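Two complexes, one shared chain (chain A), two partners (chain B, chain C).
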Partner chain A sequence: MKLRNQIIKIIVPILAILLSFLIGGILIAAIGGNPKEAFLYLLKGAFGSKANVGESFVKATPLIFTGLAATFAYRCGVFNLGAEGQFVMGAVVSVYIGTTVTGLPDALLITVSLICGAITGGLWGFIPGILKIWRGLNEMIVSIMLNYVAILFMGYLYSGPLREGSVPQTAAVTAKLMRLFGLSRMHIGIVIAVVLAGIIYYFMFYTDGGFKLRAVGLNSTAAAFNGFPVNRLMILSFVISGAIAGLGGSVELHGTQYRLMSGFGQGYGFDGVAIALIGQLNPIGTVLVAYLFAVLRTGATTMQVGTGMPTSVIDIIQALVIVFAVAGSAFVNLPKVRQFIVGASFPENPLKRKKNTPDAIEKGVGES
Partner chain B sequence: MEAFLKMENITKKFGEVSANKNINFSVAAGEVHTLLGENGAGKSTLMNILMGLYQPTAGQIYLRGEPVRIDSPSKAVKLGLGMVHQHFMLVEAMTVFENIILGVSKDHAVFIKKDRMKKEILALAARYSLDVEIDKPITEISVGAQQRVEILKALYRGAELLILDEPTAALTDLEVEGLFRIIRKLKKENKSVVFISHKMREVLEISDRITILRTGETVKTLKKEEADADGLANLMIGKELVLSDYKKVASSKEKVVSLNGVCYQKSSKHSGLNDVSLEVGKGEIVGIAGVDGNGQSQLAQLLTGVIGPESGEVFVKAERISKYAPEAFIMKNVAHIPEDRNKMGLIGNMTVTENLMLKRLKSDEISYGKGAFLRRRAMKQSAEKLKDKYDIRCASTEQETRNLSGGNQQKIILARELEENPDLLVAVHPTRGLDIGATQYVHDAMIASRDKGCGVVLISADFDEVLKLSDRIAVMFEGRIVGIYPGENPPIRDISLAMAGKVE
Partner chain C sequence: MTTIWNATFISELLLSMIRMATPILIVAIAELYSEKAGLVNIGLDGIMAFGSLVGFLVSYITGNPYLGLFAGAFGGIAINMVYAVCTIQLGAEQIVYGMAINIFAPAIASFIYKIYFGISSSLISAQLMKPLPIPVLSHIPYVGDVLFNHTPIVYLAYLLVPLTYVFFNKTRAGLNYTAVGEYPKAAESLGINVIRTKYIASIICGFLAGLGGAYLTTCYISTYSDGVVSGRGFIALSAVIFGRWAPGGVLLAALLFGFTDALQLRLQVLNSGMPYQLLAMIPYLCTLFVLAFFGIKKAGPKANGKPYFKEER
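Right after this comes the complex of A and B.
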């Protein structure tokens, strides 16, 4: 049954993606386009040249970070909707360090800057966490509000103290992340993101800390009765979630944007939440879904140029993926559907299961 | 006598497995017919078929002699069938009245004719002596009253046959008496009742006939006069059940836990502790008897560090406790079988293995570097061992625990808590909702750990259980311990008086 559950967890998002493209295709046809042509341009845009392939990775990098941030918090049962603010705060600190500190070799400077970015993001995540534990404030509201604080603070910086020249933007950092394989702007940040996903996977599923964190997320009362420090774990998960997002901000700054300006980091927080949900709160799934989102975005531009279809068609497809993935997960958890899944699993090995099945039926459907 | 309901050769298959096989079951008007069977015997499936939640694979249902097809719960209601589920289906924020009229529109009226409906309901309540406060929200009435609301709800919808699924599980003895009076009244009014229960004494008291189910088949249908508790138990589990009479032991000098004048929310009679002093020795079982909701939950939580006292002292193994937290008590080797196994004991979405390992994540057996790397395979092996040792029946240790039956869930908790040889075990309603076989298993396990030197505090609403297991019996009433009695030849009259609060 565990295997079956795993398969369903993979099938649901895949079906969601296919369905979304189907509807997207109908939509394109409805506004007078040729779906086949449009999707071909989309693919060409994403994979047609080395530069395009690299561009997808560039776009995927920040999404992986915010997706992982959301995953980490959700796994512990807390809702961090503030990844965008944490992302921005990480970048703010990095831009400060990158433009003011001199005399350090680039590698060291970037390391220091990334660490400071992560710490700042962590502190920004600590605020909603501690307010939730101490004062019982709703962490979703607080973290969303802190997004505005961070974005406005960034705005103050690039139009005020850290402004360079006449345009409202900061100076560019000189220490830049290493480019990879000559694929357009692709930089080592993607490697950092993927390695981080691996570390989180290991932590989540192979350490006692991760185990406890998941236990709190699934049933905090039972976790407390079993002696797990529930409050501490919740705060910890907020801090780490924030640190992941903050690190993402720093990486984006040193790897892609180099400077702060209006719109920096915009939307990454909520995209991360959607990505985490479609990725079934699995770090590896999160990486894959983030990459898919990035592919859609890279391809969308080419599609617009090639066919005249607006890129918003792709935004709609992306939104549909979210809707279908979330609805699909809810659907397979409906009692009747669950029973069908459980029921269908009997023929696999009737002898072995016989003993327990009536029980499972009664429990699974009758009483719960 | 013409049967009101007749279910003929009912078979229900889920895939390859039959949950019901050729079951024949009938209820006459004015009859109380009990369905008896272990968890998984097929009672719920049969009743779900009757209520239109499942369609039988084969077989026919007759109502008042006519063949019927019940394809939805609303059809079942229309045909005069009503069910009171074990977990009530009430909207807590609404009042009793609103809950009763919810979904009823007798004449397709646009506006609710409140006054008339209220009058009808009150008349109905009076007729069946269903004492409810009709304008109170559900949250403010007792569990027994909520059950009366459920019954009234079914009657108001015109039920001629009521299915009561484990109706006494959550009730106090006094409330059970009240329920039985209602059932007798229903009988007198020629209504039929299907009664589902595990408790022999109740079954024998209230039933006219008893049908025993085992692994989806009818074993036998007995008239009340033909039945006795031992015989029923044997038919139910299909083998001779040895009702062990455990040996009682004397209290040891060495104390594992002492409470000294402990108070917690003293003024609350139902959820407080008032000047509680109690000692539990090594290798003895102290039973806490009392009607549910006299501070027992708080006592259990205090003994496991979930709450701390407002005044008074707690000593575990002669050491005064300064920090009240579950982890501190677990460090002192205190084990806990919590009162709500799903909410407090298990993490339903985690696997059997993971739930078994909850308390030993840092042990060298299953991890490297004190929990820095969990060895999945070692965890699984260790879980398999516990599964065999504690007879946990599951398809795989990788199965999520929420899909298991109550008995198997409780065995997982037992395995986790008793495997570490605790010094103190706090067991709260350890057999609530379990069938006879599982109950026996839990009792044996508790006695075995007592004999290994573990001090046990047994808190149970089941008086028979307390009498059976306890070496000493303490009675709680309104947050106080009002008497301590020997477990050997206990003075039952005194104890029951004390439980009712009459001690002088």
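Right after this comes the complex of A and C.
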């Protein structure tokens, strides 16, 4: 049964992706393009040269971080829509450290800066967490509001106190993350991201703490009855989720952007939520989907230059993936459909699949 | 600073408050209709984005902002139907699906804009709706200009408040409607069609949220750009919570948020030396503080957010 669930969990997003490409193709044809040519350009743009392959990894890095942030929070039943703000705040602290602290060796400076970025992101994530527990506030609204505050604060910094020169942007940090394999701008951040995903996977599925966290996410009442500190776990998951996003911001700053300017981190928060949901709230799935999104984005530019199709075709395809993936997950969890899927292989006992069987609990997020 | 608080400033501020509160009010009432039927829709931001694009486009093509506004509302319905089918029929989690709409709808809006105007378009603007002063009333000194010199949609928005109140509290249809959000099974057993009510709720919600979005591009800013909604959908969502699911409360909340928005705009215009980014934070910070001090735990319709399956026992 478990295996069947796993297979369904993998098949749904794959079908969603294929369906989205199909519709994307139809859309391209509808506006007078050639879908085959466009998708070929897309592939060429993503894998055509060593530099482009590296660029996909560069683009995947921040998406993995915000995707993991969303995954981590939602596994504990809290919705962190504020990854963008936490990401930005992490980068803000890092740019401050990177441009003002002198006399430290680069490696040490970056380590300090990344840690501070993670802490700041964690603090930024603490606010919606504590307000949810203490005042019963909707954490989504709070975290969204904090996104706008963080972005405006960043804007204030790069056009005010931390501005360098005539353009509204900060000075560049000198301590930069190590480049990898000579693949364009690809840097060691991708390794940090993937290792982090592995750690989170291990924590979530193989440790006591991870179990408790998931228990709260699946059924907070049952978790409370078992004596789990539900409130503390919820706040903690928000803090860790924020720290992951904040670390992502620091890595993006030291690895790719080096300075803050308009548009830094824009959209990464919601992208992260989308990626986490398509990846079925699994850290490994998150990494894979983030990579897919990054490949699409790298290829999109080439496609736009080669065929004149706007890059927003890719945005539509990404958006369709999430619409289909979520609808698909809900569909296979419908009582009737589940009965059909499960009943087909166990015809002798189709009625046993009621709502609260271990099997229904196993399926995880569909039910809450 | 004391000199700026003169009569002109205050009347400008209040005028601007009414104007800024309007989209929040319309969209908050949209959410009210949705939540009263047990559907939490956090996709308001997305629906607004789509409504604002459709509204702008139609108003640009036809030169008639009224048509644009109307089209925007129907665009909102179209987007919200995706949400409705998936949450009502498939029982998809409402929060998750609302989020999907928030990602999906702005992407479509941006795509259509780029297809229509080309990839690298300069700023294109359409005709804005003209204010329609109400005769006699608009000539009352001070008050007249603030209250009775607006675009028709503003009057409509404020008219919605008493209408909604009467509907939910004084009519049989409204009480049935509310029952769906409170206890759908009991409602069903009394012969109320729960599924149909939820669809009606989604249509109303989509219409109003689209209208609120279209208001932005037909009555407020004469151009469309990505991110034009800038979190107003979420502010509307907090207005519903702050207004405790009552039309009157929602009106107060919308006016408060409208006031903060107007205040920061007026202060920007005055050029007081404060960096505009810090001023622009005011509405978001106010929302946070207001919610933190006046928000209450566990309120609103009881079956809010829960999927409803007829067959389930």
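We take it that the second predicted complex is superposed on the first by the 346 of 368 C-alpha atoms of A that agree within 3 Å, B and C clash if a C-alpha of one lies under 4 Å from a C-alpha of the other, contacts with A are read in each partner's own complex, and residues count from 1 in each chain.
The rule we apply is simple: a residue touches a chain if its C-beta (ideal position, glycine included) is under 8 Å from a C-beta of that chain, and two chains touch if they have at least 3 such contacts.
Since the structure is predicted, the reported quantities are computational estimates derived from the model, not experimental observations.
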Partner chain in contact with A:Asn333 - chain B first, chain C second, else both or neither: second
Partner chain in contact with A:Ala223 - chain B first, chain C second, else both or neither: first
Touched partner set for A:Tyr206, first chain B, second chain C, both or neither: first
Which superposed partner A:Phe270 touches (first chain B, second chain C, both, neither): second
Touching partner for A:Gly165 - first (chain B), second (chain C), both, neither: neither
Common interface positions of chain A, toward chain B and toward chain C: 355, 365-366, 368
Partner chain C, residues of chain A touching it in the complex: 31, 79, 81, 131, 135-138, 140-142, 144-149, 152-153, 155-156, 159-160, 270-271, 273-274, 277, 304, 308, 310, 312-313, 315-316, 318-320, 322-323, 326-327, 329-331, 333-336, 355, 365-366, 368
In the complex, chain B residues that touch chain A: 14-19, 39-45, 48, 86-87, 215-216, 304, 306, 325-327, 329-330, 336, 338, 343-351, 354, 357-359, 361-362, 367, 370-374, 376, 393-396, 398-400, 402-405, 408
Complex interface listing, chain A residues touching chain B: 1-2, 5, 205-209, 211-212, 214-215, 218-219, 221-229, 339, 342-347, 350, 352-368
Contact set on chain C toward chain A in their complex: 42, 82, 86, 90-93, 95-97, 99-100, 102-104, 107-108, 110-111, 114-115, 119, 230-231, 234, 237-238, 241, 275, 277-278, 280-281, 284-285, 287-288, 291-292, 295-298, 309, 311-312
